[in-house]
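Take this structure first; my questions come after.
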Amino acid sequence: MATKLKSVDAVLVGFGWTAAIIGQELTEAGLQVVALERGPFRDTVPDFSPTQIQDELRYAVRKATFEEPDRETLTFRNDASQTALPMRQLGSFLPGVGVGGAGVHWNGQNWRFMPTDFKMRSHCEQRYGKKFLPDDMTIQDWPLTYDDLEPYYDKWEYLCGISGKAGNLNGTIQDGGNPFEGARKREFPLPPLKRCASTAKFDEAAKSLGLHPFPCPAGNASLPYTNPLGVKMGQCTYCGYCEWFGCANYSKASPQTTILPVLLRKDNFSYKTNATVTRINLDSTGKKATGVTYVDAQGREFEQPADLVVLCAYSLHNVHLLLTSKIGKPYDPVSGEGVVGKNYAYQMSAYVDVFFDEIVNPFMGAGALGQVVDDFNGDNFDHGPHGFIGGGYICMWQTGGRPILQHYLPTGTPKWGGGFKKALKENYLRASSMQIHGGVMSFRQNHLDLDPTYRDIFGNPLLRLTFDFQKNDLDMEKFVTERAVEIAKAVKGNRGYNVRPREGHYGIVEYQTTHNTGGAIIGDSPSNSVINKYCQSWDVPNLFVMGASAYPQNPGYNPTGTVGALTYWAADAIRSRYLKNPGALA
Amino acid sequence: MKRTIVLAAAFALASAHAGDFSQLQRGKYLVQAGDCQSCHTDKNGPPFAGGRAIPTPFGTIYSRNITPDPATGIGGWSDEDFYRAMHEGISRDGSHLYPAFPYPWYTRLTRDDVRAIKSYLDTLEPVRQEIPPNKLHWPMSWRSLVSVWNSLFFKEGEWQPDTSKSAEWNRGGYLVEGPGHCGACHSPKNLLGGVKKGDAFEGGEGENWLAPDLTGRTLGGLSEWSVDEIAQFLLTGANDRTRANGPMAEVVELSTSHMTESDAKAMATYLKDLPNGASVAAKKTADTAQDTARGRALYLDNNCTACHMEDGAGQPGIFPRLKGSAIVQQADPATAIHLVLSGSRAAATDANPNRFAMPPFGGKLSDDDVAALLTYVRSAWGNRGGAVSASDVRSVRKQVIASK
Amino acid sequence: MPTFSRRSFLIASATASATACSRIPNTLPPEYPEQTRNDAPLFLDASERRFIDAACARIIPKDELGPGALEAGVPDFIDRQLAGPFGQAGTWYMQGPWSKGSEEQGYQLKFTPAQLYRHAIHNIDDYCNTQFKKTFASLSPDEQDRVLTGLEKGEIELPDVPSKTFFKMLLQNVTEGFFADPMYGGNRDFIGWKLIGFPGPRYNYVAEIEQYGKPYPLPPVSLKLGRAKA
């Protein structure tokens, strides 16, 4: 029998990036807000101290930073002909846990989607004809535009102190930036990170081919920074332990380093840790959320009533909770009906490793230290001759040289023995890797639902993922990988390169990206989406759903920048319209 | 005489500060200035209800309940009772208060200000809380012995303005010598706990922290700080040189960050004008000279450079500058040792909400390591602090462990 | 928030102590003891340990480039890991039902890593005894390489466990042990890091990152053990 707590104005499920933003925005509006986080509290000291954090085995290999599958996982199959089996260890993606969520362990690679990304279906159909898109491709336009989001991208970037160089300032293309990006109103808040040996070589090679390289926009502060909330960040010192680790010197943008110092001082904000939300509760009409039920560390159940429920639990867990709480019509890939679980997408990730004449000291790195070309992303090139849509960026990264997982060896190197050892010695200091970071379209058969067999520790069915790479995206990735090989060949002083393509079936074993998108997508109608353009549930107007579960498909960029912008956009709608007049906003 | 009257009036006006302070508001302000809450509140206890164990070399004293509870607090005290306690260190029942309660400083407060403080305390929620009896060693358990201490070290009396100085200086002096009681920590004490004659504000040791020298002495003092930097430090807990850490973080959070800008500037003006302390040679080390090459290697290997950077410059406003740092170069290295062993959290204020923290290195570094490391830091980049010995580190480490 | 006691009103008199300074005991959890050599076996029994020693010596051998995994203490590392949370599949989802699954679906065995090792090693020694009349550890290096290759490719079938799965985990753990921080028992005296030129967990390369082509001058350092020889 759940203990009922005193009601609050808003309850947030989860306490990562989106909850920190929403928490800050709603408390500014005077609301009493509670965040419920299933993991523990974490802060720079003691949890990410420089005395312990650079421990590759513990945090990256044994995965101490991330959610534990024994408490929460999902089942996976490539298609409906298989039985989904549990993801028993983490591999392909690494969801966060604890205060700060994956915002603690992301790399800081920060992007805006391009204007055409928001209108992917209509744009591609217009340019290439309706028949160009396969029948089972279920991509959709967003119900909002890049211009709608531009001020919120700006707000997010200034919150985080993103280091970069503008490529398009109010319509004028700028040297040194991304010429393909949507127009931005002002420069980045901080200049780009330093250029290292490998990114400098990539820059030269790409330019020699007539491409347009630029530094990746980085959530690693290039200089000490004070954000608009008055929170200060230190400057990045290129320690090479960014992704999968908390930052020891306050230089990676995270909830802890950008929002929490201000948010946690507020009287009208509180949070609970080790509190796992197991259900969003509805009233008898099924159209109003009354709050949530959560379980504490001792297994006791509590009911937290609230006027407003905001789902901030990460894309996968958002969808899982909607399904277990029976909110919205679950998607059926056979009939094509229903919406919850529809349009799950991911990211294509291939690599071209480059071996240099001289040492490049890969262990000096930062999470978003990279030189990028966007010439083959989105619709930046004519797809007519190719038969696929979409694209990806090519980036020479120097994120670190952590020896267990980040050593690059030429194809054909023995996997063990004397030859392996020799190759390690000869190549470790002289290698870096280019990533071909491609988008994934939505397809009818790729979806999320509830598993019929396997359960979590609370007795709830696990989320079931049915996903495989489809021809469009495999062809796209192959094409862009070939372009990356051309750049590799053009690198001065290269001893050779190595292609690690993305081919065949999707598997959950090898780490790729934690870019799980879709399942609770944004749209212009309840028949084709779960949330409206303000991230408000069509079914339950006092429920808002944050995060990349909103994406109708996934373009060729890391999702976080757009998650930040979209959250600010939704927060603005809640503050300026919903609170004054609760009800459907669209 | 006329100037005295003018000054006294200006200074009294400054007491009734910034226009429309009612007596209650003034009282609250002075309670913050006096940082009463800090000692008179137990860890996780109700504010001002006392019960905090205050260790002294003579045993433990428990702070009083100063909420207006009639039975266990000061609910039954008159204004006169309260003034006598603040001004003379005499309790309502006529017994002596131990000078752990800094009446030797609060004696400087005007009667009017003391009345305002009382009026504010009277508005607090009365909390019924019995205070444990003090655990003092004989013969200090005899309160009457305090009268001897008073005759040696206590000079009763309200603040007397110095007519040769500005109104601002006098206001600052009143705050520093009175409610601020800065010298209670920042002055060296003799064996009986009295301030060493002539050495006021030259740094004071307490348990395992060193409250640094505030005089204008060139090594370790405030000589390089501007008035604005001092004021900014008091108001926000940070400036471009460093951040308030350790016990001072609490002082900033509960007390000085609540002062007005002009009061902070006044205090800074007064502090900046403190007589230069006598130059004190660095403490001789018991062990042989440390190898600074080893210290430098430790500095680089242990990632001090993550925040304090390779050249010791820190990052202005964020991570303290070690190069030219007063704390680093104090003759007594206790604070520097304590910071390395235990780490610290900086003060967080509304102006500076980040609670930047330094992690503890005591679990990783031996006494020898810490001594070598600090010897390096105290002599690098133009710093002129003396060597640190392993035994220096050992004694601070013992205190640090004991106090946990 | 570190607790601090209100200042006493006396100077704390520093009394010189005659005892030699001592290191604060290491605060790591038990699986990372301060010394890098194991005092006693933690999980592997004597015959299992002999297999691991021999396998490590082939997977990253000692040769003209220098010491290999055996010299670097990787067997100690593996013993510790198997005795600890990793060996117990600490955070893995280990609920049934159990099915083989496709390669894409990953590890679906009921065995924890510790159990996997135990079964595999005994199966492999049985196989070697049958084929060669000797245990794996007693084979010649060439014979050992052939057996390892057979396991790697799944050509040798073991009765209890899939050989490919075991070999993959073994290779992974050997690599981990060779390249993890020495505080875990492997990478002894930075043998692994010195081979490749990795200077360990350091946090500031602001000056060096723009000095293209310049080797980094400082030697490797461990998170807990400094530059010490293990």
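Labels A, B and C are assigned to the chains in the order they are written; within every chain, residues are numbered from 1.
By definition in this document, a contact is a pair of C-beta atoms (placed from the backbone, for glycine too) under 8 Å apart; a residue touches a chain by one contact, two chains touch by 3 or more.
A quick note: this is a predicted structure, and the numbers were derived from the prediction, not measured.
Asker: Identify the chain pair with more contacting C-beta pairs: A-C or A-B.
Answerer: A-C
Asker: Counting only C-alpha atoms to place each centre, which chain is farthest from chain C?
Answerer: Computed centres place B farthest from chain C.
Asker: Determine the centre-to-centre distance between chain A and chain B, using the mean Cα coordinates as centres, and give it in whole Å.
Answerer: 47
Asker: Between chain A and chain C, tell me the centre distance in angstrom, where each centre is the average of that chain's C-alpha atoms.
Answerer: The separation of the two C-alpha centroids amounts to 32 Å.
Asker: Residues touching two or more other chains, restricted to chain B: which are they?
Answerer: If we look for residues of chain B contacting two or more partner chains, we find 303, 305-306, 309, 343, 345, 363-364.
Asker: Can you list the residues of chain C that touch 2 or more other chains?
Answerer: In chain C, residues 201-204, 206 touch at least two other chains, as defined above.
Asker: Which chain A residues sit where two or more other chains touch them?
Answerer: Counting only residues that touch two or more other chains, chain A contributes 50-51, 235, 237, 239, 248-249.
Asker: Which chain A residues qualify as touching chain C in the complex?
Answerer: So the residues of chain A touching chain C come out as 50-52, 54-57, 61-63, 68-70, 73, 76-78, 82-83, 85-89, 91, 194-197, 200, 235, 237-241, 248-249, 358-361, 363-364, 401, 403-404, 407, 415-418, 420-422, 424-425, 428-429, 453-455, 505-509.
Asker: Which positions of chain B touch chain C when the two form their complex?
Answerer: 38-39, 43, 52-57, 99-100, 184-185, 188-193, 204-209, 211, 246-247, 250, 286, 297-298, 300-301, 303, 305-306, 309-310, 342-345, 362-364, 366-369, 390-395, 397, 399, 403-404
Asker: Can you list the chain C residues touching chain B in their complex?
Answerer: Touching chain B: residues 1-12, 14-17, 21-24, 26-27, 201-204, 206-207, 218, 221, 224, 226-227 of chain C.
Asker: What residues of chain A sit close enough to touch chain B in their complex?
Answerer: Within the complex, chain A touches chain B at residues 43-46, 49-51, 224, 226, 229-235, 237, 239, 248-250, 261-262, 265.
Asker: Considering the complex alone, what residue numbers of chain B touch chain A?
Answerer: Listed in rising order, the residues of chain B that touch chain A are 302-303, 305-307, 309, 315-319, 343, 345, 348, 350-361, 363-364.
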